[in-house]
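Below is the structure I would like to discuss, written out as structure tokens.
Per-chain numbering from 1; labels A, B, C, D, E and F assigned in written order.
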Amino acid sequence: MTTGHTSPSARKSRIASTMGKAKILMEAAPYIKAFKGKVVVIKYGGSAMTSEELRDSFAGDVTLLSLVGIRPVIVHGGGPQITRAMGQSGVEPVWVDGLRVTDAATIRVVQSVLAGEVNPDIVRLLSGHGAVAAGVTGIDGGLFTAVPKDDRLGFVGEIEAVDPTLVLAMLEQGIVPVVAPLARGTDGHAYNLNADTAAGALAEALNAEKLVYLTDVEGLYSDLGDEDTLLPRVGISELEEMIASGSASAGMVPKLRSCISAMKAGVRQAHILDGRVQHAVLLEIFTPEGIGTMVEVR
Amino acid sequence: MTTGHTSPSARKSRIASTMGKAKILMEAAPYIKAFKGKVVVIKYGGSAMTSEELRDSFAGDVTLLSLVGIRPVIVHGGGPQITRAMGQSGVEPVWVDGLRVTDAATIRVVQSVLAGEVNPDIVRLLSGHGAVAAGVTGIDGGLFTAVPKDDRLGFVGEIEAVDPTLVLAMLEQGIVPVVAPLARGTDGHAYNLNADTAAGALAEALNAEKLVYLTDVEGLYSDLGDEDTLLPRVGISELEEMIASGSASAGMVPKLRSCISAMKAGVRQAHILDGRVQHAVLLEIFTPEGIGTMVEVR
Amino acid sequence: MTTGHTSPSARKSRIASTMGKAKILMEAAPYIKAFKGKVVVIKYGGSAMTSEELRDSFAGDVTLLSLVGIRPVIVHGGGPQITRAMGQSGVEPVWVDGLRVTDAATIRVVQSVLAGEVNPDIVRLLSGHGAVAAGVTGIDGGLFTAVPKDDRLGFVGEIEAVDPTLVLAMLEQGIVPVVAPLARGTDGHAYNLNADTAAGALAEALNAEKLVYLTDVEGLYSDLGDEDTLLPRVGISELEEMIASGSASAGMVPKLRSCISAMKAGVRQAHILDGRVQHAVLLEIFTPEGIGTMVEVR
Amino acid sequence: MTTGHTSPSARKSRIASTMGKAKILMEAAPYIKAFKGKVVVIKYGGSAMTSEELRDSFAGDVTLLSLVGIRPVIVHGGGPQITRAMGQSGVEPVWVDGLRVTDAATIRVVQSVLAGEVNPDIVRLLSGHGAVAAGVTGIDGGLFTAVPKDDRLGFVGEIEAVDPTLVLAMLEQGIVPVVAPLARGTDGHAYNLNADTAAGALAEALNAEKLVYLTDVEGLYSDLGDEDTLLPRVGISELEEMIASGSASAGMVPKLRSCISAMKAGVRQAHILDGRVQHAVLLEIFTPEGIGTMVEVR
Amino acid sequence: MTTGHTSPSARKSRIASTMGKAKILMEAAPYIKAFKGKVVVIKYGGSAMTSEELRDSFAGDVTLLSLVGIRPVIVHGGGPQITRAMGQSGVEPVWVDGLRVTDAATIRVVQSVLAGEVNPDIVRLLSGHGAVAAGVTGIDGGLFTAVPKDDRLGFVGEIEAVDPTLVLAMLEQGIVPVVAPLARGTDGHAYNLNADTAAGALAEALNAEKLVYLTDVEGLYSDLGDEDTLLPRVGISELEEMIASGSASAGMVPKLRSCISAMKAGVRQAHILDGRVQHAVLLEIFTPEGIGTMVEVR
Amino acid sequence: MTTGHTSPSARKSRIASTMGKAKILMEAAPYIKAFKGKVVVIKYGGSAMTSEELRDSFAGDVTLLSLVGIRPVIVHGGGPQITRAMGQSGVEPVWVDGLRVTDAATIRVVQSVLAGEVNPDIVRLLSGHGAVAAGVTGIDGGLFTAVPKDDRLGFVGEIEAVDPTLVLAMLEQGIVPVVAPLARGTDGHAYNLNADTAAGALAEALNAEKLVYLTDVEGLYSDLGDEDTLLPRVGISELEEMIASGSASAGMVPKLRSCISAMKAGVRQAHILDGRVQHAVLLEIFTPEGIGTMVEVR
């Protein structure tokens, strides 16, 4: 019975050192309270998806959100992996007006990469951190129905309908849905979707509290070339101006459009976060300062 | 108001010709009644998965089962597609004692083909026939947890645990689950499972009514070389003898073992069907004659 | 183990012959999908209720509807049986302006025939085909509350209120309700209802998908005397014209009025079917051609 | 504003006179508490069913039980009404060993009287007192399944199975089930049941708290001929002795057998009450003294 | 087996004497039917809370309401007990413009008396009569949130928000909530509420059927000084006139204001009852005459 | 639009400083996962209840537990407050064999302090930290029923029955129950309970995961006089020895007895924690080291 004894002074010093932990946990309480039971749709991509270290911190963040009762939904892209696989498979890219055509061979590569590589890898990553996650494509359960966006582009889809039944059933079971941006066309074929747009449409359909874009920039700048002009907060009308004036980068435009549309449909907040920062999602949700750019309804 | 008029005699002849339809629908009634609400796990593979015509008749069968309130669950393989993709990707197969080693490169091809090609194609196929289907891999929602089957074989998994929560949530929503035979290893890696074994284990966990194997043979023969010895019915103990005596083909053994295990765990019937016959599943379930070999508890 | 063996050629020929069955079952799928979970109120009467062969085919139809997840509700009449019973019991019919008076003696005969003969016989008939059916009168559970239609006619009721709680509880249990057209008067007495009107009012209260009248005519004719003028489809306004112009037969008027009222209240389709045709209900619901006259909202 | 004024003394005297009411309501409280939510199966017959005054007091009792949250289930007979109807319809009774044969003509009269007269009249009676009641026969919802009791007696059934689903669904809705003692035979025909036996079997299937027989005697006597020997309480073993020794009247035997069987299956109490006493059911349940004979498990 | 025998004549006379009980129970039926499942908020105070005999009759009334399925909610005051405790504890009352100031010492006494004496005593009293009751203060579950009513009065609260979740959860379990008129201020302190106002606000939040004030007067008089002018019924506009004209006593004004507000918010009836009459609540609810003054929407 | 801009370097340094927070939150994840949905009964007393700083840290801990989905239940004592109030109220303590007698005057003081001071203060404290809490005494909802522990001690109760319905209904609503150790005696009087014993009995009835005692000692020592012999873990049998050998202090005995009884009834772990350490509860549950003494089933 003497084993395990520690000296009183050792115990005191140990307790003192854990007191800091307690204070930080305490600070998280009001944020947990505010977002409990709320849906947060996260577009996951860029460095956060490619760097091993950032992948890990992202998985930790999503797991913690899920554990404390917030309901994260992940929508991922897969651009770099698709480009690499296209090269390996020898499918020659075709271009129309500067846009890549998604022909029958290409859509098979896209589907294979999104549903066969990226998606199950994310699910396994989250599982490794203790979350219960499950992957679906937009074809599953009739989640996304699409029509061709432009006949010349082939199997690039524009979302026509969203049926969130399957995603809601997963959330009800405490499962984190991981969604690949594919759709079933009204013609029965598989279609590729822009992941930013898919995330926005899903946030709308789920009546999400937040729509979060993990990007490879710090956030939105009032002057694109000047790092000193990062905008911590921005309104919908300002986004509309940015798109109209061309001051938003090409890659940012679908995100901004989706933010505008989702927030007009009832999503409460949207965020453009820097996915290159470890624990970006956690810091945005659980600390007072916030990071990146927050879009407000104002 | 005169448009659409038809002559009385034309109407009579039309009705007479539809009467046969009515009789056939009537005959299905007792089978629908018997299997309503019951789970039927179908291992889908072979010709039924490769011939366009058979794919279509299979999709029609599953859709009809689902519509009348039976609960089909599809577990698919993907051997031929994996072999083809291995060739294309230039991954060299390595062999140990005549068994292919699934190393890190191979498991990525396997996952990519199963989750990225075969699975979403089946989901889309079923959707095209009017079913609401959704694909999952055994990694999703912690469905299958595996340990290495043999250290020399790499990422070939043996099922250690089955958590059917996600599949049950889908069935509850009237969704047809389509399951790829992958598992998350207790070490966090992806593992490949034998699809026959996965189907059996899932049937057990779901307390299924039936476990159906779609194969490229007519059924079980008492004398493997003699077509005249097809067995319409067989008992568990006879299956055990077949395995012991080596009179079952190598490909058939995992099916037989799974049938035995599933039925000992409470599954009521198992079937070895000829997937080369159109509508094999429908005919087995909805007609009095049955086809292929039925395994009984006796 | 040799018992039960069949020759390969015998098996092939058997399978070939069952293939036609499969095709017909397949054709039913879209109709099952369209009507799953929907309520179909069927007014059952005439030859379909008196001919042994037609009774049987009707019971089969209702059973199949119920098995595939459609929710049939039967409202029956009983005119011929009442007339016969009146004769046997020696109750003398009294007439006012050509309408039979339902005095205290008569209403007892009516109740006895409807609730004591016709209703339980239909329940037993359906049970014999495998449906789970249960009979109620409009008095049960406060289903129909009535006031006298015309003081001179005695216990002939006009529906004042419908409480579908009991019928809904049955549907929820998968039970087919069989309803006798009686009501409890606000004065506490039993009242007889017109079964056509009762069916329409119940369809309204249940927010039914379809209201089906099984009659002893082929359907509606634009010219009552000319069989060549059967109307396959007709709109509400045309029905209103028919009633106004007197071109509908006396027995058809309550059906037409009920169709108009029910469809204005949200019932989606109404049908005047020929109950003398075997499986009329099944053919109307499960085949593309349809039979009889369909009333549309247009 | 002066209308409606009453003098202070008038108010005081009015209040004083209502105080007695309050005391009596108070006394009922412990009985309501004890039986809340419990099922009480009441076999209803004899004078209680024929005297207008007793019918009224019975209906009041059942309504009050239902209102305070007790769950009464009524099983009725109909002997005298059947005998009368047999006479009117001219069906000649046939006798075998002193028992009346229920041939095809007779069972139609029985069904017609029970389901068409007695049952809806009771439902209407209860409705008139404010209860929500609904009539079913034992054929409805597969409630009672029967086999012939004795081949020579025709359609006299012995209960083989009880499926209380429909009755439970009614109780769940706060509806008072009124049950006619008919059954569907395993051969598909209608069968007549002994109402006493049916009440006992239903009490068993519903796991009732009490099984109450309303009779035309005061209760059980230890000496049949001596009114001074009424037994206020009796045990199961004493009932068994009474049957064995022949000291119970022929009409009482099925009641006693049913009491024994039901109580052995878990019903807590059985009562033989004098249905000729107004409010017999209410007095038995709501007052400390009790009336008639109570059967105890002892 | 002879024990317990009674003579036939003794039995008859006993039954005759209980018949009156049955009639009175019968009379209660329509009132039970009308109020089943409805919420009745009762402000409990005055003599009904101090006289041992009246406490008992009140507890009996509330218990019976609860047993028959009506949902009573008790809001109590505690003025006399607080005054007594103030004296004992030596806290000196301070007055501003004739109103007592509730400083920090006083609110502790108030809380201690309401939550520590009055509330648990009522709960125990009700438990003693067979009800399942539970005490809460307005602080529990965030029931009442308050702001200071007047800065000079200290911790006297004005209700700013009502969250009935906890009270509804209790009602759902068949528990009678007993509520002490305290609130949590938006500043985190405990506040005292006027019990009349709290009862009205709670009736509003619960969408109660009735709001009952037990007082020490007979009801409302059209002429305060003249007992002959008791008003059996009064409308909202008349109450407004009474307040405006000053013809209501000071103690009555908060009750009248609460009645007006609650009824405008959907409460169906309000009552000013004489709590000095035994069983006042029961008589008001269960007898046709009613007592005291009923406030109607008219 | 320039407002709110911060320099890139300022942003980097801010993010760096928050990274530590993220790591600490991450560490809590496995503990949250392990205890999600589990009930933790905490006996709250001693310094943790009297020091303002410790009260605050305790309230923060309980709030955080509740927010992340763990279900804390607080049982409090009130010894010092009762002693103080006894003095103020002038009630003279009476002693029997060294134990204080709880006569009628004393129990009123006890009830008043526990239910009127301590309990609502804790509820308000928790509310101030963001939890939704509600106070109950053991009298509410029939939670604790007691018999006299020793006739000479008066209203000191021994628990005879626990009905956790009300507490479970609160937990279901996400409310933190705060329980005062009172009981309703089978004689209808209020009884005082030992809070340690009440906590243990409630943990048993709720099938709690953990039972935590907040004390004013560091934990259990193998040698009471020697601080170096603190036991980090101890088994049930060792506790039994401690009680038998008299090596446990008098105040510790009821805690030890309750631990033994609760764990034998299925509670998984019990803890003797040092309530003088800030965030003792949080540290015990959310950090790997643990503090105080853990009782194990071994």
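Following the convention adopted for this analysis, contacts are C-beta pairs under 8 Å (C-beta built on N, C-alpha and C of every residue); 3 or more make two chains touch, one makes a residue touch a chain.
Here the structure is a predicted model, which is why all the values come from computation and not from measurement.
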Message = Hopping along touching chains only, can you work out the least number of steps from subunit B to subunit E?
response = 3
Remark   = Rounded to the nearest Å, the gap separating the Cα centres of subunit A and subunit D is 66
Inquiry  = Roughly how far is subunit A from subunit B, centre to centre by C-alpha average, rounded to an integer in Å?
reply    = 34
Averaged-CA centre spacing for the pair subunit C and subunit A, given as whole angstrom = 54
Task = Please list all residues of subunit A that touch 2 or more other chains.
result = none
Ask   = Ring chains in order, subunit A leading off, subunit B next?
value = A, B, C, D, E, F
Ask   = Which of the residues in subunit F end up touching subunit A in this complex?
value = 1-2, 4-8, 11, 14-15, 18-22, 24-30, 32-33, 36, 57, 60-61, 63-64, 67-69, 129-130, 218, 222, 227-233, 238, 277-279, 282-283, 286-287, 289, 291
Key: subunit A-touching residues of subunit B, taken from the complex the two chains share   = 88-89, 108, 111-117, 119-120, 123-124, 127-128, 132-137, 139-142, 165-166, 169-170, 172-173, 175, 182, 184, 188-190
